[in-house]
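Chain nomenclature is as follows: A, B, C and D, assigned in order of appearance, with residue numbering initiated at 1 for each chain independently.
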Amino acid sequence: MDKKKPKKVFVQGAIPPEKIAQSIANHQSKTNIGAHSIFLGQIRADEVNGKAVGAIEYSAYEEMAEKVFHEIREAAFSKFDITCAHIYHSLGKVKTGELCLFVFTSSAHRKIAIDACTYFVEEIKAKVPIFGKEIFEDETHQWKVNK
Amino acid sequence: MKITIKYFGILAETSGKKEEILEVDKGMSAAELKGRQIKTYQIPEEESVQLAVNQNLNTEVELKEGDEVAFLPPFAGG
Amino acid sequence: MDKKKPKKVFVQGAIPPEKIAQSIANHQSKTNIGAHSIFLGQIRADEVNGKAVGAIEYSAYEEMAEKVFHEIREAAFSKFDITCAHIYHSLGKVKTGELCLFVFTSSAHRKIAIDACTYFVEEIKAKVPIFGKEIFEDETHQWKVNK
Amino acid sequence: MKITIKYFGILAETSGKKEEILEVDKGMSAAELKGRQIKTYQIPEEESVQLAVNQNLNTEVELKEGDEVAFLPPFAGG
């Protein structure tokens, strides 16, 4: 059932740590779960030519991104015996040290939860049309490219 | 025929546009449209630009009236 | 520095979700971090001969367990380029749906954080002298064995 | 010589003891001590029992006065 609910992935601004606690707490009634795996992306203060990144401003081709997130979910549920999966990604400005990605997978067994979480992270990085403008402290910017 | 073009990230910056509606010849391919817009806006690093036709990365298609073509720079999610 | 601090791993009873939010929030000042990986163990209501597990009561050879946790930490820091790592494990009774293990690793890059987290989980399961009494709803029990 | 023995989990339950101090012959090995206590308390599934001598799982050692030997059932952490 969890699988079919339409999910909103994008959130405005940084993902607060309390959202993660809340998501975890929401799973304590699901007593068929034995393992949760969580991945969090955090904005790094990378230095480029002596200037440090102060924030990343995310934008996306939103309609396509939501469609691709949905396809990734469908593929993950057919590949892995997970009980549930949640993804949140920021849009707009996220400052260094703040969280921009939250992937949360659950299963009866640890290996499945961990493998599914890794699968989501790699698929999101490779396939979802999200764009990031790295804003330096002096207000100049450059465009981020996933490696 | 009319085609809606969307530009994202650095491509919106380079073209100075987020969206435009173009009148193009019937039978134009996505690859031809890409070449034409890259030239028009002098977009560098052509090989890093992906097109999505109606939200689909498979662009080996002939364009149709009303199609939405997105010009996508490298992804940076996560 | 984080590496050398002596760490208390054991906590009495279940690990509250708020502790996880707090740990995450504590890392927002570390702007060299780009990725966090978290593993959570949750008590499953497994059925054995028609009776469901209601709780696990954990005990440990504590002095040895703390020594082994420390050895695992040292090995992890020499194997993986992580910026920090935190482990918490319950002692005493933890009810189904509650959390008994919290592993938290951070790194500049995602693969390192994920691989280190998985390493910790596998090493803890295999090497740390922790014992679990599965208590059924009718107060009978059996002893848990890791697979 | 005196040896402290600790029992954990199901082994504490089976032996009815968490700890005992035993007087054993000088030169006794950990393996010999294991065999003896398994017999004394009729502990089943001998192969699942690990010993730690002074918190170390390497038990190919001769025991010494004051050693702490732990009888450990299968681990169940996580």
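Note that a residue touches a chain if its C-beta (ideal position, glycine included) is under 8 Å from a C-beta of that chain, and two chains touch if they have at least 3 such contacts.
Note that the structure is a prediction, hence the values are computed from the model and not measured.
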| item | value |
| --- | --- |
| Centre-to-centre distance between chain B and chain A (centres being mean Cα positions), rounded to whole Å | 27 |
| Inter-chain centre distance, chain B versus chain D - centres from mean C-alpha coordinates, in Å | 72 |
| Rounded Å distance, chain B centre to chain C centre (Cα mean) | 48 |
| Where chain C touches two or more other chains at once, by residue number | 41, 110, 121 |
| Residues within chain B bordering two or more other chains | 78 |
| Touch-based graph of the chains, sorted into line, ring, star, complete or other | line |
| Chain pairs in mutual contact under the definition given at the outset | A-B, A-C, C-D |
| Chain B contact footprint on chain A (complex, rising order) | 41, 56, 58-61, 63-64, 67, 89, 100-101, 121, 124-133, 143-146 |
| Of chain C, residues touching chain A in the complex | 17-18, 20-22, 24-25, 27-45, 96-99, 106, 108, 110, 113-114, 117-118, 121 |
| For the chain D and chain C complex, residues of the former touching the latter | 6, 8-10, 48, 52, 55, 70, 72-78 |
